[in-house]
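Both complexes shown next keep chain A, but they swap its partner, so chain B is in the first and chain C is in the second.
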Partner chain A sequence: MRKPVLRVRNVTKIFGKGCRTCLDDGSVFEGGICPDCGSITGCKNISFDLFPNEILGIVGESGSGKSTLVRMLYFDVEPTKGEMFIEFEGKNGVSAGLPGFTGLTGENNIFKTGSFIKRQLKNFFFGMVYQSAHLGLNLDVTAGGNIVERMLMANGRNIEKMRARASMLLARTEIPVERMDSPPKNFSGGMQQRVQIAKAIANDPAILFLDEVTSGLDVSVQAKVLDLIRKLQNETGVSMLVVSHDLGVIRLLTNRTLVMKNGRVVESGLTDQILEDPQQEYTQVLVNSAL
Partner chain B sequence: MKKNKRAEKNSGQNRYNFAFLDENAKREIRRKTLKAIAIPGYQVPFGSREMPIARGWGTGGLQVTLSVIGKKDVLKVIDQGSDDSVNAVNIKRFIKKVTDVEITNDSLRATLIQTRHRIPEIPLTQEQIIIFQVPFPEPLRTVEPSEAETRRMHAEADYSRMWLYLYEDIVKCGEISIGARYPVYVNNRYIMDPSPIPRWDIEKLDNSECLNLFCAGREKRIYAIPPHTSVKPLEFEDFKFRVENFEGKKCEICGCESSFLDEVMDGSTGARRYFCSDSDYCEKQTARKGNKQ
Partner chain C sequence: MIKVKDLSKEFIMHILNGKVIEGFKNVSFELEKGRAMGIKGKSGRGKSSILKCIYRTYIPSTGSIMYESSGFGGVDLARADDHTVIEIRKSEMGFITQFLHIIPRVSALDVVAEPLIGAGVERENALKKAAGLLSELGIPERLFDAYPSTFSGGEKQRINIARAVITKPRLLFMDEPTASLDEKSTATALAVLNALKAGGTTMIGAFHDIRLMKQIADVIYDLDEMEA
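On to the complex of A and B.
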């Protein structure tokens, strides 16, 4: 069996001071608010593996902790406790000649390393597509510049080569290359989202995080963006973590799914199985409420 | 006799501690300077003192100069290359008053050189310290207004936005439009603001023999480039750093073609005239020519 690229163990995020009640792994509160200290539970005790070439879905209602989870894995939010391990196949392990990576192996808890290493991991191995384009893009900088920025992060220093790659990525995400040097604030929502995807894959990441990428787009544009994501996954074999509240998106993209509620994983398994034969009460409600 | 005594009592050296600053202040600034030398290019915060000149007029450079100066030092102060402009003259007069050290215009004789925005044309030696007055110590300020954020960026060597700024400049203008204050990599780690020296002077910082100290009084930061440290301007593989081009122009006084020139517009004719920016260098060149003739 192949080794997972990403292993996540017992990740918990409490917003607020936290107390014995809410830090207890077994406790569940409605709405996530701790009755004793008033802290809010973002995620509680989440563990999963992400395998090479796999698309893993995370589904759940709003406020169930999906985005918090992804943001912790992308180091935007610091977890209260938990562990994260990374192992890249075919990239000679993590220590691919980067500063600060000496001695870092698949056995090191990434959350416990310094911010310099996290930054390097983000720059070289991760990609992120946020729900709204303004989180992932600098809307005042040209579209080409936004994509080139990712390459600059990974020490790209050749303008000619970077521009060539940026225009190739724009073409691949079906954005007219002539608009490369205009800022994304002049673009439509769907186009902005596709620029964001182009930016996220600019460094050939090993893991791509997609946080509600299609929310707020109309159906035909949604279909285009989903199509693009599927195509990219086929071509590059990147592992993806797809977060969505939309079961349609999950059904279309993912092989395996986690269902989250109140910050916990209530059910996990093959996507088809979960959608056809949900076991947990919440999942049944979720599947049945899909239009 | 009596009169002389009073005059002596009222002279600067007796009314103030040697070099104006109290010993504790000097010690703090020296300590911060040592830290800055130990981490080339890193900005060390320090407690900037009130000085008898306004902040923004060289108080940073002045404090470092006063904290490292000794009685045997020979001091030179330059302002945009000139030994005789107001800023330089005032600072020289003040330091003379509170230390009584020897003042010189000669870049070779000086042991301490305080400068505003130029480096002397003559290469400095390991016996010398050059102290830069810095208005804006943070090179990332152009791309990020928050101090907390720029500190994080330095800590993580997260410099992509600075590079992006240069990229956008090239895409929009076909050229990097930064003239003075061109950002440099120090020791392949920190991006540093070299103070508003022209691009021309950036090369002199690389692997220099002398110790370079930088201090911003208003922004309360000290940083340093120790001798023999690599200093590289930010550049792309296919878009190299260039210095100012004075091809076909020469100084009207000394005829020099290989120094940094000031451009002066003639008020009546509107003609452009060129002079050496480094006045000491210009005088030496003129003197040498005089000797030959």
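On to the complex of A and C.
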């Protein structure tokens, strides 16, 4: 049996100072607000495995903690507690790029490593596509510049080579290469998302986080972005964590799904099982709310 | 190869105040490798639900499904973890559904070739095999590049059959596999399925048409009789 590339254990985020009540493992509050200290529960005791080549979906309504979770994994948000382990032997320049790091053996809690290693992982190992392009891109810098910037962070040196790769990535994500030197602020929403994807895969990541990447796009543009994600996954075998409130997106892209509510995972299973035989009340409501 | 014991499924509908809907009750059978079993029963008796429980689209309420996997050895599919089920589905199982769950904007040829590519076969080869299979099932070549969402019911069903059998699965599920086919395409479909069976594939199918079922099934499991 293959081993998971990413193991996440009991990851919790409390916004606010937290108290015994809201840090207690069993507590659940409607809306996530602690009645004693007023802190907000973002995520509570989230655990899951992500396997090589796997697309895992995270579904749930707005405010259920989906985005907070991926942002913790991408080191944008610091968890209150919890562990993350990475086990990986592969071609990605991760180990080479981490001088003094013993490699991704799956033994160290990555949240407890230093900021240098986290930054390296962020640059070499993970890729992130945010819901809003302005979080993932500098909208005033050219599309090509955005992508090259990411390669520079992963120790890219040769500007000609990097430009050539940027133009290849833009072609792959179906951005006309003539637009390479225009800033994404002049692009449509769908194009901005595709530039974000090109940037996120610039360093051949092993794991790609996709946070509501098609929300807010009109359906024909949504279809194009989803097709691109499917194609990339088929070609590269990158593992993906797909966060979406849209069950259609989850059905199309994922094999396995976690259902979140009030910062917790209420149900997890095979995606077809979640959609056709949901066990929990919340999941049944969610599935029956689909158009 | 597969041994099902006391399998039952009930659906608890929390959104209908915990109303319990019975799928089927106490199903037990055993099937040897290379044999085909047909499940017979009136609409609503749970034929599809039995298939879905074994494939694990449904979580069984009680009972066990012991399956001799080539990759994992003996596995109880009723309890196996998700990743084991995903692996077994990918490398050992096929499922012909009543309706094609269409992958949008993918050509017929790619829809059929996809499981083979997923199993590690090189793309060119997979596409060639897919084309051969589609021709065998009587899909005209001009449709190979078209999207199956635009196809007729009978054409979609044949795409469905091709997609499920292209990997020559060890275990094949069939849910009314010929329901929307005319007489001629039914005959070709049955020929494809019988050839697969001759190659060693074990099959479990739900049919409402007994005459058809008898053309492929070695044993018949009668749900109506169980009820009586």
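One rule holds in what follows: the second predicted complex is superposed on the first by the 280 of 291 C-alpha atoms of A that agree within 3 Å, B and C clash if a C-alpha of one lies under 4 Å from a C-alpha of the other, contacts with A are read in each partner's own complex, and residues count from 1 in each chain.
Note that contacts are C-beta pairs under 8 Å (C-beta built on N, C-alpha and C of every residue); 3 or more make two chains touch, one makes a residue touch a chain.
This is a predicted model, so every value here is computed, not measured.
Visitor: Under the superposition described at the top, does placing chain B and chain C together on chain A give a clash or a fit?
Guide: fit
Visitor: With the two complexes superposed on chain A, say which partner A:T21 touches: chain B (first), chain C (second), both, or neither.
Guide: So A:T21 meets neither chain B nor chain C here.
Visitor: Applying the document's definition of touch, where does A:T105 land relative to chain B and chain C: first, second, both, or neither?
Guide: neither
Visitor: Could you look at A:N186 and tell me whether it touches chain B, chain C, both or neither (first, second, both, neither)?
Guide: In the superposition, A:N186 contacts neither chain B nor chain C.
Visitor: For A:G269 in the superposed arrangement: first (chain B), second (chain C), both or neither?
Guide: In the superposed model, A:G269 contacts chain C only, not chain B.
Visitor: After superposition on the shared chain, which partner residues are touched by A:Q280: those of chain B (first), chain C (second), both, or neither?
Guide: second
Visitor: Examine A:L252 and indicate which partner it touches, taking first as chain B and second as chain C; both and neither are also allowed.
Guide: Second partner only.
Visitor: After overlaying the two complexes, what is the shortest C-alpha distance between chain B and chain C, in Å?
Guide: 37
Visitor: In their complex, what parts of chain C are in touch with chain A?
Guide: 11-15, 52, 56-59, 72, 82-87, 103-105, 117
Visitor: Which residues, counting only chain A, touch chain B once they are in their complex?
Guide: Residues 99, 115-116, 119, 123, 138, 141-142, 144-145, 148-150, 152-153, 157-162, 181.
Visitor: List the residues on chain B that touch chain A in their complex, please.
Guide: Interface residues on chain B, with respect to chain A: 152, 155-158, 160-161, 163-164, 167-168, 170-171, 236-239.
Visitor: Over in the complex, which chain A residues touch chain C? Could you list them?
Guide: Going by the criterion above, the answer is residues 1-2, 49, 51, 223, 227, 234, 252, 255-256, 268-270, 272-273, 276-277, 279-281, 284-285, 288.
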